[in-house]
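Below are structures written as structure tokens.
In the two complexes that follow, chain A is the common piece, with chain B as its partner first and chain C second.
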Partner chain A sequence: MTINIETVDVTNALNDIDQFCDIPNARISGEIFYRSDIYEQELEKVFARCWLFVAHESQFKKAGDYIATTMGEDDVIVVRQKDGSHRAFINACPHRGNKVCFSESGNARGFICNYHGWSFDIAGNLIGQHESGVYEDSNFDASQWGLREVPLIDSYKGLIFANFDAQAPSLKEYLGPMTWYFDALFDNQEGGTEFVGGCIRSTMDCNWKIAAENFVGDILHAGWTHDSAARAMLGGAVSKVSDFDESYSVNWNGHGYEFALDTVGNVAVLGESALNKYLHTIKPSVAERLGDFRSNMIGSVSSATIFPNFSFLPGQNTIRVWQPRGPNKIELYTWVLVNKSAPEDIKEKWRKGAMMTFSPTGVFEMDDGENWEYCTKTARGKVTSKQHLYVGLGPDTLLKDTDLPANVYAGQLNEANSRAFYQYWSDLLKAPNWKAVPDRNVGRTEAGESAAQCVNKEMG
Partner chain B sequence: MFYKSEDNTPVSIDEFHRLHRLLAREYRLLDEERFEEWLGMLHPDIHYWMPGMENRRRENALEHGFFDSQHMALFDDGMRDLKRRVARFLQPSAWAENPATRNVHIVAGVEVFHSEISGEYAVYSTFQSIRARGLDEEYVFSGRRYDTWSDDDGQLKLKKRLILMPNATLNCKNINTFI
Partner chain C sequence: MKQIFLCKAGDLPSETVRKVENAEYGDIAVYNLGGQFYATADLCTHATASLAAGDIEDDLIVCPVHWGTFHIPTGEARGFPCEVGIKTYPIKEENGDLYALIEAPEQQAELIAKG
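Right, the complex of A and B next:
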């Protein structure tokens, strides 16, 4: 039997949201990266309400396989059931709250609390306790004291998301037409994708939004921040993004994807020519599957964030969650994604390439960490934290007559996605419930007829 | 040489001294940012491996218990990869390295054995890496190393290194050094 979780009471919205997040005027303030009262509101109004990535289906092979992770700061376990479905439970015993699962992954017949021996099956039912007689003497109703289940769980192309808010829109509605773009990475070959084994975790003293926003639409930093890494990996500078004829920033519900159509700009920085070759080899079949347009995105200069804290880089194939750990700390959980059908040596090259570039030892990520930490730390200064920060690039770039789905903006050197990210964030902080979240989407909800093949470049 | 291998034949005091000096020199070079000289201490066929630690139950052990050669790693490098990492440190545009990260590497608990292969040594040690940056950043982590040092052109060079850090979560933003 499913035990409903207690919902989080919605506290009143902060009264100065428009001061620290003024998107109509393209301004935010550093305090959004530092204030603990804002962070408390985020845990309640963002992380306890939005769909959060918890696992990839390839991490589960049989019933009882589990992954322990967190949703916001809440510990959860995702467990594969006998019928092949996945369920997520709060990783805390309903007796005194101790963790019931201490390992990050594995296979179990159930979970037994170390404290008083409460024992749960993989469906979360309480099936026994140490000294069970004493419970019988107390008229204990075990059916009411199973593991607390996360009410919503769903998946898209292998990516499993869960949601603490039973009133939330469906995952399909939440992701909206962004899935059309996500398919360029997650569904470009028959059989889909899988995670390489293992998960690398590290910490940064930065606010989670800095990292999420970097991936939602900030390619601008790459040519400058990552110059040293590019020269080390490629022997030269990274592609100059402003030289691309055609590139886009697209967003929906705070999710964002910025991309060029150069096919291999991202994968090239892994410095493994076999991976460029692999993408060129599969490209015709991707074109057949998804159309010419998206076949140019499979490893192009691009990045994406699914709101609030799930990000990925097509080509480098690094997948990550920025786990919030207080206003100015995150834990990074990172994985490597490969096509299931890819040859083993290609998968191996991606495993190593992602490590060399985007991991705590990666030559690219080292420079990101410095920037993100100090974007956060400067906001410790009370005066500094109140100063405006500029997010105004690309003010008139919305494409009105395009067959491409979602809110589409011309050019990836553009802060349209960052603005959309912060706008959605502030909308959530203001809204007492999902119904009160304004719909600011203006683009198509589905790709038009010509989207797969050609693109209307006229600006609105 | 490998994790949890049986001890082989211990070396003479002279050989121990020779290897111990190499380990000390290696860390002095790293602390002094003499990366190209450090690369010179590595065998062309080097495998430099620092696997990710996974927090698993004993009954769900991976290939080597807490780690697995097919899983994600912090380093899993050959010579080409290590040269690329050094190349990045040496770029004038490595903004995060200016001002420099200041390093101290400590090696302790050194054991040296003859390996099964003639002319090769199995060298075990523990390490601590201390890094300071800016005015107030400090990052310390420790672990254990399993090395193979091998003769290359009359010089002993590092041919294999397995680095085990006990942490399943790295408690800082990066590892911008070598271990």
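Right, the complex of A and C next:
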């Protein structure tokens, strides 16, 4: 089947970007969380151009297995093919645009539109219609009217990403050296990872960037925001992050990861000692596989975002996508990730732990939701929305002589990742195409000798 | 009565269907259901589709296009959107060869008139 998707024409950049996103001066304005014209620009210049997470490989077992999700506000279906590959299609019939798949996941022979009976096979080909004779009489060319395919799809360690922009850089180039850190969660054991249980869906009345930025580099909020939740789950306060001897904020192309090296600070808040024990048990084999440095990250106080809207917490093992639903609303898609090789009771404890902490009724989620909603809602005030917001912590923390890959900053109590996130966002809003996006990366493209020692053989 | 060669019985595994092209009487679908052979018209009565490209579920053939169903032994339409049944043909097995027995068109017309 030929690629039959029309690309989105990029409209001119807004002329006041530097006013609402002034990173050299470490300032943003609340209007970025509320203005609908900014949101429209995001849909075309961020969500229609960036690599977006669509599914995990463990969600597919056989041909015809599918996941329905969204890329930005575009409904898509990801379908496993007979050859084991995955393809993504717009979940809309090419005749009158009706949705062709209404369930979230399952196995299907194909997809039949409810409106006029257009029928598509799992490869997206249009294979028939109700009253097929009238199409034959109209010299209808069915080969031109298959489901519209998302041009790019690729995966990294089980995570499947898709991209509407055929001119985009490869997923490998897009993620860059950040994958070295991602492996601490996604490749710390033989056999890789899987999702356990289903997708938890919920909504918040906040802008998607507030949530994405919280995970890209904001551990600062935890000790204050989550104090009561931590007391409920742990019987004590959140670890005092400034007491850690060594911690980092790293970023690349707007993605970011902030972390300490305390191994189990994140997992501890699930209140299940068996999970702490599991991580301590696997730690020596992680050290053998990934090196000592990353074996300290498997459940440490940490968080990460892959630009624009895919985030995760190692330790809590919560994975989420902040699906934009207008400038001041998100739909959260949340899953729990575990090592495939973990014992079943450990997987189950992680699933329950996520329900207790990071789900619509989770004690941590509610803490965050309240804050994020009001960060958004205050910007409803016209005057308030124009006021500057401070993102200046950690101005001179870039580490120039480190063997760690990507742009590396000392300390996780640091807004370097938030600045990098908003800078990349602003660069995309200005750029008419991918070639015009400036490369602001200054760090190593791969781990140097001291960081890479003891890495597994696959990585060479 | 016309005898049309379909295939060798040994070439059609159990629970499978294959299409035999026939310009004169229309393509024929031949089925093996647990060692019992059946033949029906291959063209779906609802919309243009080859039933042989569909899945067998018990004794039903599921049309690959709109997933309507027909009862393989009798040709009855069983599931939406199929309303009109498909023709069935008696099978003759001779020296391991399968044949469909098709009545000549005039005989068919006669049957319909009597019908």
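To be clear about the criterion, the second predicted complex is superposed on the first by the 450 of 460 C-alpha atoms of A that agree within 3 Å, B and C clash if a C-alpha of one lies under 4 Å from a C-alpha of the other, contacts with A are read in each partner's own complex, and residues count from 1 in each chain.
Keep this in mind: a residue touches a chain if its C-beta (ideal position, glycine included) is under 8 Å from a C-beta of that chain, and two chains touch if they have at least 3 such contacts.
The model shown is predicted, which means the values in this text are computed figures rather than measured ones.
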**Prompt:** Would chain B and chain C fit next to each other on chain A once aligned, or clash?
**Reply:** fit
**Asked** Between chain B (first) and chain C (second), which does A:144 come into contact with in this model arrangement: first, second, both, or neither?
**Response** neither
**Message:** With both complexes overlaid on chain A, does A:119 touch chain B (first), chain C (second), both or neither?
**Reply:** second
**Message:** For A:85 in the superposed arrangement: first (chain B), second (chain C), both or neither?
**Reply:** neither
**Touch count on chain A, higher of chain B and chain C** = B
**Asked** So, A:202: does it touch chain B (first), chain C (second), both, or neither?
**Response** first
**Message:** Which partner chains sit in contact with A:7 here, chain B, chain C, both or neither? Use first/second/both/neither.
**Reply:** neither
**Contacts of A:367 with chain B and chain C, given as first, second, both or neither** = first
**Prompt:** Looking at the overlay, what does A:128 touch: chain B (first), chain C (second), both, or neither?
**Reply:** second
**Message:** Nearest 10 degrees is fine: what angle do the Cα centroids of chain B and chain C make about that of chain A?
**Reply:** 80
**Message:** Nearest approach of chain B to chain C by C-alpha atoms in the superposition, in Å, rounded to an integer.
**Reply:** 13
**Item:** chain C-facing residues of chain A, complex
**Value:** 109-110, 112, 117, 119, 121, 127-133, 136
**Fill in**
chain A residues touching chain B in their complex are 102-108, 196-205, 225, 227-229, 231-233, 271, 331, 334-336, 351-352, 355-356, 359-361, 363, 365-367, 369-370, 373
**Message:** Please output the residues of chain B touching chain A within their complex, sorted ascending.
**Reply:** 50-52, 54-57, 59-60, 68, 70-77, 81, 84-85, 87-88, 91-97, 168-176
**Request:** Sort out for me which residues of chain C touch chain A in the complex.
**Result:** 46-49, 55, 62, 64-67, 81
